[in-house]
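For reference, the structure discussed in these notes is given below.
Order as written gives the chain letters A, B, C and D; numbering starts at 1 within each chain.
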């Protein structure tokens, strides 16, 4: 079995990588792309810390084979901010004290971003459901829910282009 | 469908530190040429916010803005010794070490500033915004940056400080149990409101209200983080968590976050808390440790609320729907005492 | 060990790629890749179904066809609105983007709740293999399985008549939780409220999702009220073995089955 | 809710004691690490790349208690990518105990099992391979021959004199200074029980609990020039890890350097020194960087949990609500090895009888070995389960006497200057005030004499 070239777009940048067979996307993003913000918390699809967007759909990168990302558009936490300006979710997580150890944070934000991309003005129940696959052991979830709702309110005040 | 509501309370204390082995921690502080201060430690931030608290303590004592404090940790080649982050000791031990180190560094800073301003160091005060001024003489001042530059390039002096805090070892008397195991006690009272589904034994926690006495809230936002996160963990311990669901039988031990049950964002109660401050004589600015205790008081409060709701006691954690339903069944058969 | 990844673009190509030892078909990957990550599975090759044309939902005159590789999230559509409860109870939104309806049939207990729903819908499966395509009832699939060189290509069922669908998943936490019990039913009543026909399927009571003839028999011919529904649950509790896992004991599952049966059938 | 927390500080309570003017402390300063967390740029121990990194996966005991007849590594060694497999013979000082640094012994836990295993999940052989996949496959192919021994899984069964002893010293109890349990007493409990109106005796039980940090325990050891090794670790205690690892490896302390400080959740689970010695040993034997991180399953079933405890409380209560005698029996399920449990057992004893002044107290606490995963420190160590027991007991007393549960606690709350059973004088007490403040918060009115109570004076 030989390594093969796989091409995908990562945070808007085209990548062509030589990938050993059977590699998981989380490992390729971290080790070959240096996108260390995607965390490996369980390898079971149970913690959500490795959540990334594949063609705008949130997925667990510990369960995605890198070879199947061929031609896909991948967004990680490193791509959430634009021009070094934090996304409203990132600002809200700081303001609402929604991080403690920070290990779940990137996955939480990516799961929440998928929700807000689809539903910019979610009800609390929708936020709760969107976060239900992401484990946080520190915060008790309430500040995270508050941060997502605050981010939605923040985005609603912004001109559409900036959002 | 039968849903019964109940309320339960608990009141607890929690020791700061546990020093059966002697419990030191150290800090080193030095100023950079441009008047920033590097606090060098080997202490570990688990996510509770150690770096932020240590920044605030150093800034308070040095009299400089928190933005000018840099926390450098943890590298055993460069950082002085720290016992570790556990036993609710970090704020207390490392905070005190930083106060000692920062006091020494501040004195060195004021000595240089005094020479530059041609006044005694004792006549100087810091404004916490980066300036050192002569007390009562508005306008006669020097910036921390200029004082640091002068120390380096004019006087050839270090602006630095060394700090250590040691809680000496306590040797228990094995006859009586006499010992001095801790430094101070923090306190909490929690009220839980729950709803019990008496047909299934399922419990929903509706609200957790607490009063915490923690000496000094060095950063109230982070105190609240501990209270909210700890309340959740306490609820989780009370109702869900076990690595051995059939303890002491080892069967069916959970291996993932699906089987290892913890409440998710859809299961959380309302949280509410008030903070009391009775400064501890030994704590930095009176602070006591709050990291661990927040998970404790919700557990009996929830257990007591369940009894209040449905009249059965479960004395075995976690209080699972099965245990509760078995007890309810037994109570239905046996007449209530 | 390293393994090859194949991405065939048709069903015959999938079948060809599966020929040989240690080859595993994967659609969402939430079961198989996890097993590899944890050292329980060491395939020689993974055959992805993603590009084999096995995704999508087609509404026919009488029935619905769902491709086996269709992600659970893609089932959120108006004609399948009655399945909203099944979908929302299925793991997390992120996992629903990955896990497929066909793959969920292979999930070990207590997972695989979508199979409970499909059993109550009396679904049938499309199967493809080296010897061609065939259909089989879902009941038979759970009893006999399929050969290692075969795959499930799709599921087909008739939409339940309005007002006949029932679904309840009893869990330890509100969302993203495996089931203590899953109950799906299609219950037809006459104008007097008497049950004329019922298909009741259960999860959490056996090695895989099952139909419950005991519950169905108990219900048929009776007026659908709390007593009848609880009775059906009691009959089911007596008929099925139930099992213990990290979520609940067999005793608990049996004990609350009548309660949840009543709640499933009557909503109270 | 973070915005209004400062407003919920009760400045009116202890107003004189808490007075002070501060600029930096007392502020709700945003966390200095928050922006790095939200942008994904925080660097944890695993967020560094080392060319040539090897991965460790441990082959573990599948039995609760067994003699090891033999270990066959041949199938494991044949897996492509396997570089080396470590067994106990590779570990310079295989027997250790983590609290030896504070003189609590004896050395009683092997880094890698030798002739026997005492719990399911005990490490036996460490596979080092080029990829984690290869290491996992090989670990599954390590063949261990077992001869099963009777397993002791219940704490009280383990305490019986005819229980099969799993420890070399011939009993299943940790020995404190020649005694098989830790004891604290004050007053005369037996005499007091003869004078009380009510006696309540109840038992409370917990099961083991996992820390469940989202980042599992792990370390990367990297060979450096001059015979040194850098250990990138998520330990909660850098020097503690360094010192214990050096003792196990038999190397000068100066040869090790621990780099860490940024941890994805600890809760007490990253205080045991488990992964670092193996990672360094692997680096020593291969000359390459070595990563040893727990899988999620290992984190849940093999890493040390919060101990299960069984606590029996017997209270002597007067009709007016005073608790005048409390007898507490604490059993701590240490699992197969000590780790931090002997220490936690003392902490549990020191905590009793809770935040109340009881004149006659007897506390006996046993640290008991069983054939299960060794337990160790976790958030609230030694106190969490004790609080559960004491506070449910308090609720029972209130119910028995028909008393308001707030008032019963206020009546018995410890005050400044009173003596705890371990003979330390109470100072800085505030139980009275938190009970009053909590009652007020939910609108539960207290009679004037209870509202007037204070921790700084009796009454």
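Here is the rule we go by: a residue touches a chain if its C-beta (ideal position, glycine included) is under 8 Å from a C-beta of that chain, and two chains touch if they have at least 3 such contacts.
Please read all numbers here as calculations on a predicted model, not as lab measurements.
Engineer: Taking each chain's centre as the mean of its CA atoms, which one is most distant from subunit B?
Structural biologist: Farthest by centroid: C.
Engineer: If you average the CA atoms of subunit A and of subunit D, how many Å lie between those two points?
Structural biologist: 33
Engineer: What whole-number Å value describes the gap between the mean CA coordinates of subunit C and subunit D?
Structural biologist: The mean C-alpha positions of subunit C and subunit D differ by 42 Å.
Engineer: How many angstrom lie between the centres of subunit B and subunit C, each centre taken as the mean Cα position?
Structural biologist: Measuring from centre to centre gives 47 Å for this pair.
Engineer: Between subunit A and subunit B, what's the gap in Å when you average each chain's C-alpha atoms?
Structural biologist: Each chain's C-alpha centroid was found; their separation is 30 Å.
Engineer: Among the residues of subunit B, which are close enough to touch at least two other chains?
Structural biologist: In subunit B, the residues touching two or more other chains are 46-47, 49, 221-222, 224-225, 228, 230, 233, 245, 253-254, 256-258, 260, 262, 264-266, 271.
Engineer: Name the residues of subunit D that each touch 2 or more other chains.
Structural biologist: 1-2, 30-31, 33, 133, 212, 263-267, 295-297
Engineer: For subunit A, which residues are shared contacts with two or more other chains?
Structural biologist: If we look for residues of subunit A contacting two or more partner chains, we find 22, 42-44, 46-47, 97, 100-103, 128-129, 132, 135, 137-138, 142-143.
Engineer: Have a look at which chains touch which and call the overall pattern line, ring, star, complete or other.
Structural biologist: complete
Engineer: Show which residues of subunit D lie in contact with subunit A when the two form their complex.
Structural biologist: Residues of subunit D touching subunit A: 1-2, 30-31, 33-44, 46-47, 49, 133, 211-216, 263-267, 295-296.
Engineer: Under the touch definition given earlier, write down the residues of subunit B that touch subunit C in their complex.
Structural biologist: 1, 199-201, 240, 245-246, 251-254, 258-267, 321-322, 325, 329
Engineer: So in the complex, which bits of subunit C are touching subunit B?
Structural biologist: Interface residues on the subunit C side: 170, 172-178, 244-249, 251-252, 255-256, 259-260, 263, 268.
Engineer: Touching subunit A in the complex: which residues of subunit C?
Structural biologist: Within the complex, subunit C touches subunit A at residues 2-5, 7, 28-30, 33-34, 36-38, 46, 48, 50, 73, 88, 91-95, 97-98, 175-176.
Engineer: Which residues of subunit A touch subunit C in the complex?
Structural biologist: 1, 20-22, 24, 43-45, 48, 51, 57-60, 62-65, 67-68, 70, 111, 114-115, 128-130, 132-134
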